[in-house]
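Only one structure is covered here, and it is reproduced in the block below.
Chain lettering (A, B and C) follows the sequence in which the chains are written, and residue indices restart at 1 in each chain.
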């Protein structure tokens, strides 16, 4: 059983004029919404056309980013975006879902509200503040504290080998995870709280511990909605610009080490757009935005496929 | 129904194969882990907040809140116009985002099956992954370039697009968690679909929608990138949304990356203001909701 | 909630009414270089106090943004660290005037724990560090310039700007002048592909300075104003005349003074031969249309810009760590401006 009504049935009461007007307004709002996004896509394509015409597909698998000689390839940025977002969502979903479980089922009432409020406040911190805090506090911590520890324990893997600068892919991923944790926690908590009490009571009646109830009964019941929260949070991570660009090292290279400086699609756009003057340069940057649009589509598509395979016939997510 | 009976079955299996003491230990460890995660998130916030407060509290005074910015070398000055601008821009954006987001959420909840609603959900998720600077460029192409004029309204448009995915997804979610019986009860009493939805279903879903709204506002409060090509910024008082206008997070950004310690201190003060504003908004909205509905939130 | 909202908006209306006289002045808009922003904000503030019927709204959206908006005619004037080239001028469609308005320089900041005397670097050493040829601080090439200083055996972390910037432009222009290898391999630009293996990009001057400050063994280039305001250790360079010069407004001005004939197509003043010249110096430019569409605004714009490049406007530069235009360059700027139809 899941907490969501599987079919909010299109009950036959749309005959009255009020209802028809209501339906029309609802349709209008949704169409407007769709048009906005399609318009965005069209603008991106139009803006990146000169670059698409010049480079065609080599843009995606080439690694060189040289504005002076007008040679552009986006592969290192795609790599950096995907890896940093992956780190971010891995950290944030674990911490966020655990925190949401605690807040919904275990926290005493006097603690639950203030604590969840505090976590949501993380979303209110401006991007540039995260960037500066990351640069002045987190990066030195990674360079002198976390990095050496990880290298000591896991340095035999290529992931944690190499020089530690403080800024790099790992630091970028950590900052991103901080920024998306409130989304995961707040939405997950809302979903968990909305799960009917009878499910919980049935589980306890059978004799499970509270933890088992949360992990084996409540969480699976909420998993579709929580997955949706994670996808939303992942979207934020993919598109984050200012905070990431201050701690990721801004080096268009592909390196196995998580400590190495890297670059993301959104960071390049934020860094270079305001100073780009040739039309090829500008359209190459807009094409990066288009690639991000497609990356977002692919990630969401994969997520949906996973949801469909899990839920079987009931496909609404 | 399938997943929860599986869940109960697996819970029963767990009961059979594990001793009670061991299960209790796991439970304690698990609860501890969950508590640790919650505290970790809160602790990081306190660390960041503490840093901002330490750097910025010195700048906050009445002059800072009400004056126009001063250039370097002229002491004092403030971010008064930025505060006003932020209110106006985010206010307009919210006013535009709520109807579109809520209506789309209602559409998805009421007519949820089929390729078109699926496509809408998909588009919404894709939109949430677009960098804010790309959305700013879209707002520029649609509202600034044709009119040859920067405006606060175009920034509101960009903000609105940033807020929509969160609103759409959560309002759909919230409406669908309202039990079917509530809606059917209203319809059985003879209400039209319109009244049933607007008067009964949406108010029931309001707490979750409110959370989403606050999250969405918090999200755009700190955004800078879309503003560069839309609101443009200003050093002067401006209340007409058709003109370039100052905005607090934009000022924070400009000051933060400048060389001058006085400006950097003001940047931190502005950042502190931004966080406080969202904080106050959150608390205020929750208190209002609690009072109007008598619910425990 | 509605009631409190309407109360808020009516308060807003009252405030608006009180400030309306100030808003009634004509507002000119300009945008572009972030480098110019502190100087412009000071100068235009003073100007508006003396001429209350004109206000100037300048926003730092970057030189590229400034040129884009200027071409799109959404602003009255643009500001850019690198003058518009032939293709950009062609895209503007109308004749454009470009005049220098201020001077700046890039300093070489470093973080060497234990080294208290200012570090000395030859021009070639700087190039080789950024090419990745010199990788450690105790390399003989650096030690030769710093006798008696014990340089640590540390790897050099090369920091550069990740965002496109005029500071990067004059720095890479300098490197291209000094080294043909740099010129062919990397070139000059606001954004380049950095060859050093240990290179790390940081956003903005704040980013580079912050990175250098928190990474022992780091070296990076930042605007002069930054070094002065934040007391960051900056290297002394050997200029083309062979003399060791520190970075300061005086040495930057000395670089400019040697080239009074600067104009939009011949604007580079890096690596000047003057005895006291700082090798990494550059101008910043304002672009206006020769014949702006609105005659009233053209007149006001002309007055503002004439004031800006004249002695009164330039006197504001020193207080914000900017370098005023030398007298002969002021004259050049004024004569260019006179071509504007106002």
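Heads up, the rule we're going with is that contacts are C-beta pairs under 8 Å (C-beta built on N, C-alpha and C of every residue); 3 or more make two chains touch, one makes a residue touch a chain.
Here the structure is a predicted model, which means the values were calculated and not measured.
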Item to complete: Considering only mean CA positions as chain centres, point out the chain farthest from chain A.
Response: C
Worksheet entry | Dominant interface by contact count, named by its two chains | A-B
Worksheet item: Which whole number of Å gives the spacing of the CA centres of chain A and chain B?
Response: 15
Worksheet entry | chain A-chain C separation of Cα centroids, rounded to whole Å | 36
Worksheet item: Among the residues of chain A, which ones contact at least 2 other chains?
Response: 132, 242, 270, 273-274
Item to complete: Among the residues of chain C, pick out those that touch two or more other chains and give their numbers.
Response: 61, 65, 203, 206-207
Discussion item. I need the residues of chain B touching at least two other chains; which ones are they?
Written reply: 228, 256-257
Practice prompt. State the interface residues of chain A toward chain C in the complex, per the touch definition above.
Written response: 64-69, 131-132, 135-136, 139-140, 143, 163, 165-167, 242, 245-246, 249-252, 261, 263, 267, 270-278, 282
Discussion item. Quick check on the complex: what are the chain B residues that touch chain C?
Written reply: 69-74, 84, 87, 144-145, 148-150, 228-229, 232-239, 244, 254, 256-261, 264, 288
Worksheet, complete the sentence: chain B partner, complex, touching residues on chain A are 1-5, 7-11, 13-14, 16, 18-19, 21-23, 25-30, 32-34, 36-40, 43-44, 47, 94-96, 98-99, 101-103, 106-107, 109, 113, 115, 117-130, 132-133, 137, 178, 181-183, 185-187, 190-191, 194, 199, 202-203, 206-217, 220-221, 223, 225, 228, 231-232, 234-236, 238-242, 265-266, 269-270, 273-274, 286, 289, 292-293, 295-297, 299-301, 303-304, 312, 315-317
Response to the item:
Touching chain A in the complex, chain B uses residues 1-8, 10-12, 14-15, 23-24, 26-28, 30-31, 33-42, 44-49, 51-52, 99-104, 106-113, 117-135, 137-138, 141-142, 161, 164-166, 168-170, 173-180, 183-184, 187, 192-195, 197, 207-208, 211-212, 214-215, 218-219, 221-225, 228, 249, 252-253, 256-257, 267, 271, 274-275, 278-279, 282-283, 286, 296-297
Worksheet entry | chain C to chain A touching residues, read off their complex | 61-65, 67-68, 85, 87-88, 155, 157, 162-165, 186-194, 198-203, 206-207, 210-211, 214-215
